[in-house]
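There's a structure below that I have some questions on.
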Amino acid sequence: MLSKKQIAQRIASEIKDGQYIYLGIGIPSLVANYLPEQLQVVFQSENGLLGIGPYPEKDNMDPDLINASKETISMVKGSSLFDSAEAFAMIRGGHIDLSILGALEVSENGDISHWKISSGLIKGVGGALDLVASGAKLYIAMHHCHKDGTSKLLKHCKMPITGIKCVQKIFTDLGVFTILPEGGFKLCERAPGVSIEEIKAKTEGRLVVKGEIKEMELFDNE
Amino acid sequence: MINKTVKNGVEAVSDIENGAVLLVGGFGLCGIPEACINALLQTNLKGLTCISNNAGVDDFGVGLLIKQRMLRKLISSYVGENLEFEKQFTTGSLELELIPQGTLAERIRAGGAGIPAFYTPAGIGTHVADGKEVREFDGRLFLLERWIKADFSLIKAWKGDTAGNLIYKGTARNFNPLMASAGKITIAEVEELVPAGELDPNQIHTPGIYVQRIFQGDGYEKRIENKTVSK
Amino acid sequence: MLSKKQIAQRIASEIKDGQYIYLGIGIPSLVANYLPEQLQVVFQSENGLLGIGPYPEKDNMDPDLINASKETISMVKGSSLFDSAEAFAMIRGGHIDLSILGALEVSENGDISHWKISSGLIKGVGGALDLVASGAKLYIAMHHCHKDGTSKLLKHCKMPITGIKCVQKIFTDLGVFTILPEGGFKLCERAPGVSIEEIKAKTEGRLVVKGEIKEMELFDNE
Amino acid sequence: MINKTVKNGVEAVSDIENGAVLLVGGFGLCGIPEACINALLQTNLKGLTCISNNAGVDDFGVGLLIKQRMLRKLISSYVGENLEFEKQFTTGSLELELIPQGTLAERIRAGGAGIPAFYTPAGIGTHVADGKEVREFDGRLFLLERWIKADFSLIKAWKGDTAGNLIYKGTARNFNPLMASAGKITIAEVEELVPAGELDPNQIHTPGIYVQRIFQGDGYEKRIENKTVSK
């Protein structure tokens, strides 16, 4: 089973040179830490920044420069700033090459649910609905199961849906999966030491296992 | 040039009436009109509708208007940081409408740009689509969304001139320029107000035509929600 | 009968302090020359400028600073520059207080025709359709009759229409007219020395004359 | 940062194919991509569709592409300054589609912003409305208009950096930023190309994400259509 850090590491190895990328909060936000140095990619923040840099030094925190999680950040060389309409024009218009988001549930036809719910109240939709509907490539990073052990890879989402048929690839602590055009989770790789049987047992939706499924290799780029 | 200057926040908001619809700029606590919010707190206004991406926190930003029970309705994309909101919401004294952030931004932009409705893919297949027209273009499905306009827009910029031209800084720009265009009366507060002619026309983010009143605020707290630093 | 210059002068006296104004080519463009100095108004150019200044000095012509007639211009203190989408967002969104345009024909219900036609070809629509449909106050400045003597104030437009029910006031060489809500040209003022009979004879659409029609006063603000 | 630099106009346009749809920036002769147009003239391309606010004049700007009979169709708001166009139009070798300028701008902006269609009041009651859906919102009538996208956008800016960020000057901005966002491949030519990091992020008009190729042009003529001076 992978740690959150290792899920992020595994996703990082999928990133291609020259991509514009949106990272959601949680595991996705860790991906930036594991990119090979020679890769030139740009991270977008939906509140109006292309080119998110690292967190600032303590003395350089600027209240006028935050990311979508309301954290103080910095810019990189070649950053640009814009308003919220432009930020989502970029997203909706398909200019972002890859979005990496967390999820509460994914269905076997690629639907996704990730409402932010607290004490029974939906407290927000944020920018996720725009992102998942944009047609950009969408990767999901999440634990394979809820804390109570029930699967998050389902036949149908049980919670309210945030996007339909939008997921291309899922990275969990157990393995890597793609969504088949006809529906179903195709197992591509399994985490070191995780058996196909365990994955089968923990996947509620249709799992497709074809040929040999190799254990993933993890490169530590930290 | 037309001079839009007013003395301060109190004068700027003095003709807002009970039940008015307000667009309030900012993302989280970044780029919020602190001086206008403080001026509103000195009034006895009730039943306001506030359209703002977030609800602030309990003791800052739009949260202060909620705490003083000045709002009847809140239209936002995410209100997770505000706990007082939850109390009023569950007792039914405060209504909430959640809108996907990109749709919220585009609806406000449409209000300013005279576009009464447009189609967007955001929300297809979700409860956001309930009751809305769905239409196919080029083989994909889209939702019809309407413009948003307001009686007043309260926005915050970094620099402004007496003609109402505005320049924002960093990610404090966010919803402010769109909201500037969608208010019947737009009130802009700035950290530095200069005479018309001192800002480079090429660098202006919000042309003065959208701004009816402008003033220089003071004592900006600019609270940071999540202080994060590199180790 | 008024000269073009005098029509422009008459319109100038209608301009109010603090207005954002769009001036079309021809007679409307002359209006700027006759504004009282103390008036603070701003002229918009649809190609991306608020705050049109006078033509530049010969040595200050900038190819990157032109108006919608492709003439070199200058800026004033407090000008701002923007792109074409923003320029028409301003127009369509009703932020311009007053548009003053020329016209080929106006109908008694306020329709207007002013396509640019040359040798039988419609050569352009330009920004006029957006302007007349914006809901902004629309004044028309034009000669009362075509060169062949036929009226331009008609029951129905004969040429293709560029906007419906959009005109508020018409300023011609013979007089000033408003469009009545129920249709019809209401005569408000007549040009010095022009008789009501002459105006009647030269107006094809329904002319409404009520009470005493005074001769207009012209103030020379040049 | 991602480096978008190419050598020159010839390299930038080298993969444009016959029949391609091009968005070409500029208003009149102001802010037109002179270097890309010159590079196109060195090709044998045929059957291009050119979407540009104007058609240039007979011997400059888009007019040169018309003169060399490279265009099959022109989509513009006004083509009055071009005489060669008239000749080809009347013999049927060049098609023309006229679009109200504001609608043209908004349709291109929509193409870049992922808005497949929107409603506008422009053209109601005129022949522009022929065949288009008319719909009432808030008691007024509006036309449905579709997005415009292109295979390539050829745009011109004042300054740019290697990451594709652009700053325009004066009214040479016009259609360029919208077109930058609506091209599958956007080629930007600039008067001055600087390394990423030298432009102030707060002053950038077109974020680099919209630009796939950038180069510094040379020998800009910047012809003035109507030289007007104060007496």
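A, B, C and D label the chains in the order they appear, each numbered from 1.
In the analysis below, a residue touches a chain if its C-beta (ideal position, glycine included) is under 8 Å from a C-beta of that chain, and two chains touch if they have at least 3 such contacts.
This is a predicted model, so every value here is computed, not measured.
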Response to the item:
Of all chains, the one whose CA centroid lies most distant from that of subunit B is C
Fill in: Chain pair with the higher count of C-beta pairs in contact (A-B, A-D)
A-B
Worksheet item: If you average the CA atoms of subunit A and of subunit D, how far apart do the two points sit, in angstrom?
Response: 36
Practice prompt. Starting from the mean Cα coordinates of subunit C and subunit D, work out the distance between those two points in Å.
Written response: 29
Item to complete: Return the distance between the CA-based centres of subunit A and subunit C, expressed in whole Å.
Response: 56
Item to complete: Would you give the residues of subunit A that are in contact with at least 2 other chains, written as numbers and ranges?
Response: 49, 81-82, 85, 88-89, 91-92, 134-135
Response to the item:
For subunit D, residue numbers touching 2 or more other chains are 106, 109, 113-115, 120-121, 140, 168-170, 202
Fill in: Every chain pair meeting the contact rule
A-B, A-D, B-C, B-D, C-D
Response to the item:
In the complex, the residues of subunit A that touch subunit D are 17-18, 20, 40-42, 44, 49-51, 75-82, 85-86, 88-96, 134-135
Worksheet item: Which residues of subunit B touch subunit A in the complex?
Response: 27-31, 53, 76-81, 86, 89-90, 98-103, 105-106, 108-109, 120-128, 140, 158, 168-178, 205, 222-230
Worksheet, complete the sentence: Per the touch rule, the subunit D residues reaching subunit B in their complex are 106, 110, 113-121, 135, 137-138, 140, 142, 146, 167-170, 202-203
Fill in: Contacting residues of subunit B [partner subunit C, same complex]
1-3, 109, 111-115, 161-163, 165, 181, 195-197, 201-202, 204, 207-210
Worksheet entry | Residue numbers on subunit C that touch subunit D, as the complex places them | 45-49, 54-58, 61-73, 81-85, 87-89, 91-92, 111, 116, 118-119, 121-130, 133-135, 160-164
